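Structures are listed in the sections that come next.
Here subunit A shows up in two complexes: once beside subunit B, once beside subunit C.
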Partner chain A sequence: MEERRSFSDIDGGRLALQRRYYSPSCREFCLSCPRLSLRSLTAATCTVWLVAYGLFTLCQNSMVLSAAIFITLIGLLGYLHFVKIDQETLLIIGSLGIQMTSSYASGKESTTFIEMGKVKDVVINEAIYMQKVIYYLCILLKDPVEPQGVSQVVPVFQSAKPRLDCLIEVYRSCQEILAHQAVTSTSL
Partner chain B sequence: MVLKVFFPSCCCAADSGLLIGRWIPEQNSAVILAVVHFPFIPFQVKQYLSEVQKVSQVEIVVLGTWCNNKQEKEESLGKFLEDLGTIFSHEPWLQLSKEKGSKFWTCHTLARQAGTPKEDQIILIYYDQRKAMLSQLHPPEISLDNQPGVITAPDASKLAAVFDTVAKSEVLFLTDRYDDGPIKLSHWQSEGVEASIIVELAKQASVPVCMLLTFLLSFVSGLCRSRIFKFWPLSFIWSKLSTCEQVGYRLEHLKFVFSNQKAENQTQLMRKANIFVSLLLDMALGIMLLSWLYRKNRIGQLADALIPVADHVARDPAGLKMNRALDQVLGRFFLYHIHLWISYIHLLSPFIEMILWYVGLSACLGLTVVLSILSDIIALLTFHIYCFYVYGARLYCLKIYGLSSLWRLFRGKKWNVLRQRVDSCSYDLDQLFIGTLLFTILLFLLPTTALYYLVFTLLRLLVVIVQGLIHLLVDLIDSLPLYSIGLRLCRSYRLAAGVKFRVLEQDSGRPLRLLMQINPLSYGSVIQTYRLPTYSCYPKDSWGSLCKKLFFGELIYPWKQKGDKQD
Partner chain C sequence: MTKPHLNMAYRRVNGHGQSLTSKPSHIDCGIHQLRRTGTHNICMVSDFFYPNMGGVESHIYQLSQCLIERGHKVIIVTHAYGNRKGIRYLTSGLKVYYLPLKVMYNQSTATTLFHSLPLLRYIFVRERVTIIHSHSSFSAMAHDALFHAKTMGLQTVFTDHSLFGFADVSSVLTNKLLTVSLCDTNHIICVSYTSKENTVLRAALNPEIVSVIPNAVDPTDFTPDPCRRDDSVITIVVISRLVYRKGIDLLSGIIPELCQKYPDLNFIVGGEGPKRIILEEVRERYQLHDRVRLLGALEHQDVRDVLVQGHIFLNTSLTEAFCMAIVEAASCGLQVVSTRVGGIPEVLPDNLIILCEPSVKSLCNGLEKAISQLKSGTLPDPQKIHNRVKTFYTWRNVAERTEKVYDRVSREAVLPMDKRLNRLISHCGPVTGCTFALLAVLNFLFLIFLRWLTPDSIIDIAVDATGPQGAWTQQYSFSKKGEDNKEISKSR
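Here is the complex of A and B:
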């Protein structure tokens, strides 16, 4: 079962949340970030090339122009491969664990899987981010030493940064699965 | 309760039979290792499983039945498989079946105890058996107890148990379908056991080679440790030369790699492999340098270039001519020192080419040795700069202390050594008079001494920075785990940071299907985990304390080696 809705992130950009229900204990949330805009790309390239041309007229060395082209290409490739995240996915499988995937604009995917035994809870936290106060969803991990303590806080959807309405949807679904899993694990 | 079934993806096309594997009750999961095909005698199957259990220390049992209906649905086979459940009793009994042309499987569990069997929710997880067997999870699980195959800690990673099971059941995968045994299995190696001729030959050849090399190395290290090198001047020189440290370090490495003992665990094996590859690369780079250096009489050119450079450095350090009119006493002292140094270099000049030729031969020991020799040569050639720095620093230090003490006298205060603080003190008139006079003299001579100190310190720092860069390069070659990086590049499933799941096509009413893949370790973590330890340590002083020492004229020793006596 698939559903698609659009939300906005903390800066006002458009985000698309796609929910897939595979089974009562397995759900996936896929958040798509706004794509790289042609306008900003053109602006950046033009600035770099104008500066390079200015330097060329000063020192009459054509190496400056080749260097500028090289820098632009390498910079763009690096940005697409290491910085620009296209989609962030949260897959929650009751009794197995929670998996977070970030896919970059160049196609690279980086995945983290946290086993259910280590997950204490999924909560919405508030944080001070620059001059704003934002909400973010995070996973609390159990502390092996202290049973009531929290050893680590893992934030989810770090680069998409959705607003509270989107987070509440995801939070509700996660809590349903965690509750269901807690019930089935204690019933045996 | 959710039941997780880990099914090897290589058995998806196997014929019908029995499923054997391990049942982990704490996690309610069944790890299937192989499929036993018909015809079989149940007694023989039980015997075989108990043998395998004894060797591998993993509790392998019959978990259920697998039915692959290649033709139309066979009713008789289905009934036969159900009856098998009574022969091999296991709780819960799994029944997996696949229809022809359909991707989706039917899974049932039968629980005979506790009255009505309730239908568990089943999750089917496909895994690649070969990759799971060969991969190693990071960070490695430390078992609290020495019993293998037993999960001791209650919060031990669940997936580590799956990997552990597959890795330990290696003996099960050694029979393939060409063996004439009573049991016919299907697993990842059932098409034929994988082996490599080169690896087997290397294993056979390694034993005598290791023995020979261990003998030679023990002979060499015995020679190095003999009594003649322990006398005072020689032992002092050896401790100061970085070449000896590097050669000793490489000798330790060689002894470790070629020792007669097998590596006990995975980390030791990786360390041996890393050291071996690092040594090979070192020697390869050294020999390349050797072949480049000895062509076209480059040694002669190097020797011809060296003497004027040394001369120039000796006469005008940093291009600043020492003005005799400004400071006759200091200038004359330093000039005499330089004169001695120049005559020493001129004495050596006929022999430099020969020395360089023989020293260059040591490049076959490795690039790191050549770099250490270069660093030592720089230290020797600039020894006079070091001496000047010490003289300048001591003089400046004395001047600063004198000035600070006389400044306190000027204000009528005194340093109380007992209380470690400044106290007021009443001086006599003649004490005050002489003190003020001396203060004035020292103050007006301060710019000259400060200038000398500044020049020599800068030169010394330059030499230290050059030596430091060379040591950094040597450290890089020494400590980079090249084998691990190569493994991460070519066989990324061997170094696993964890797993990742992909949800396959679903059908309502059928169990959830997932594909489990190995998530490889990132390059940063590979380097951090497998870095080889090096012998040098980095400066302990922070920038603030360094500047403070420079201002007060205290001597700085930025690159102190481990094991050096603290001065």
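Here is the complex of A and C:
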């Protein structure tokens, strides 16, 4: 079963939430941001080059122009490879664990896996972020020493930053799986 | 397809049955809703809150708890204390925002009048705040919040906790700022009539918009325990910060004089401060190490244990808006001897307190009177004193009276921008008035810019912890929402 809905992020930008239900205890949530638009790319490039031409007319040194070209190229590569995240995926498998994948615009992927034994809970929390107060979804990890405590908080969908309505959707599905998992583990 | 869908989602989140996108401003819907139900969304703002200890802090906490009990929604906004930043919940769902603002001096934040607007506006919108209640005139953040709230068209209340002078340069300046800050505030609360008089004069206010609501003590915290004290000697307890304002110089004159006269007299001094050195000098010079105990800084929960060890409580303050310490002491059944300054004469009835002039001679006479009463056994029983005092000042009563102020304020109109500017210019003198009118206009423009940058409609409405829709008492509200959401997705 696959379902697509659109939400917005905390700045009002559009986000698409894709849900895939493989089985009652295995679900995948995929948040995708719009791709890098041609307009913002053109705007950034033009600004750098116009500044470079301004400097060039002042100091008559053609090094400035070549530097500008390199800056744009390296900046673009770096941005696509390290900053711009197109898609964030949360895969939750009841008996196994939670996997978070972020795909960068360049195609690079980084994956974190947390096994179910370490997961204490999935909660929605509030935080002060820049000049805003936002909600975010996070995974609480168990403290190996003290079973009641929380050793670490892992935020989910860090770059997409969806709004509360979207978070509640994901939260609820995660809770269903966690509850299902708790029931099966106690009955065993 | 997306538009109605989004509406539906919002409706579920805020649980009000109003789609937020259909109305341009959230605050408007909030106000209409509240007029119907009679409860308010209150935001307490002050630089001073726990973990910092003091009278203002406990006042805000206790008042908030009692207002929550009466069904209002209360949040507190303060600045970050060390590692304590972000959002925390206290007992019964009291939500506290510890904002990461720079602390400048004495736990008060620096003010530029503008830099706190984005965050405060975000909080006011997401919590659907209708009344801003600022505390303490020393707190820059409280004044900032008042300024922004007026720009945003919210109702404002201010509580003044301290008395000020008129003569020196710093008080002239702070009084001017207070005039600016309070001239367009809807209502002002003072803790005693003396404090009201002082505030009205300092800020050139109309006395009709100033109410007097005293502080309160928790009588269950301060109960007498006569077996804890040693009746073979007479013990005088002093608990205050050891600073000039609290009259520690007077105390250093009293101690040797009385100790010479009465060999069975002991002093216990609790508190810390720059004047401690004076007391240590006195102790050294007159060899009173076994009779004068300096305890240093006390935790609030230890105060009662110290109080019950004494027979007489001495307060030597030189200025005081409303002295909490003497109420606490009387509640523990001690005979109180105090200076007659500020609001102190209003606090306790004459037969529970001995009032003296703020001089060593007069205070010694007062103490001697108390000692002779104690020796002759004419002092009332501690339990009797406690039973009388515990009816005087309760937080529930304070909350009830504060609620009346809120009711009155919520019926008033907030000054529109043009009237506010007129008020500023006519009320605060030509130079200050025009300067602050200009700042108010700039603040308004900044607010418009912020509204353009992040419109109110894309700010998530916070899930209420307290108040009519409070989630704190209704557990599993999320799972209930989950069910109706499933129904919706099925029907699609």
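The working rule: the second predicted complex is superposed on the first by the 188 of 188 C-alpha atoms of A that agree within 3 Å, B and C clash if a C-alpha of one lies under 4 Å from a C-alpha of the other, contacts with A are read in each partner's own complex, and residues count from 1 in each chain.
Methods note: a contact is a pair of C-beta atoms (placed from the backbone, for glycine too) under 8 Å apart; a residue touches a chain by one contact, two chains touch by 3 or more.
On a predicted model such as this, the values are computed, not experimentally measured, just so you know.
**Student:** By the touch definition at the top of the document, which applies to A:Ser23: first (subunit B), second (subunit C), both, or neither?
**Tutor:** first
**Student:** By the touch definition at the top of the document, which applies to A:Ile168: first (subunit B), second (subunit C), both, or neither?
**Tutor:** second
**Student:** According to the stated criteria, A:Val133 is in contact with first (subunit B), second (subunit C), both, or neither; which is it?
**Tutor:** Touch status of A:Val133: second partner only.
**Student:** Return first, second, both or neither, reflecting whether A:Gly117 touches subunit B, subunit C, both chains, or no partner chain.
**Tutor:** Only subunit B; A:Gly117 stays clear of subunit C.
**Student:** Given the touch rule stated above, what does A:Ile93 touch, subunit B (first), subunit C (second), both, or neither?
**Tutor:** In the superposition, A:Ile93 contacts subunit B only.
**Student:** Which partner does A:Gly12 contact after superposing on A: first (subunit B), second (subunit C), both, neither?
**Tutor:** second
**Student:** Once chain A of both complexes is superposed, is A:Thr184 in touch with subunit B (first), subunit C (second), both, or neither?
**Tutor:** first
**Student:** Considering the complex alone, what residue numbers of subunit A touch subunit C?
**Tutor:** Interface residues on subunit A, with respect to subunit C: 5-8, 10-12, 126-128, 131-135, 163-165, 168-169, 171-172, 175.
**Student:** In their complex, what parts of subunit C are in touch with subunit A?
**Tutor:** 2, 5-6, 9-10, 12-13, 85-87, 97, 99-100, 118-119, 122-123, 126, 454-455, 458, 460-463, 478-479, 481-482, 485
**Student:** Can you name the residues of subunit A that touch subunit B in the complex?
**Tutor:** Where subunit A meets subunit B, its residues are 22-26, 28, 91, 93-96, 99, 101, 111-113, 115, 117-118, 142, 144, 181, 184-185, 187-188.
**Student:** In the complex formed with subunit A, which residues of subunit B make contact?
**Tutor:** 1-2, 4, 28, 121, 123, 155, 157-159, 498-501, 503, 506, 512, 514, 519
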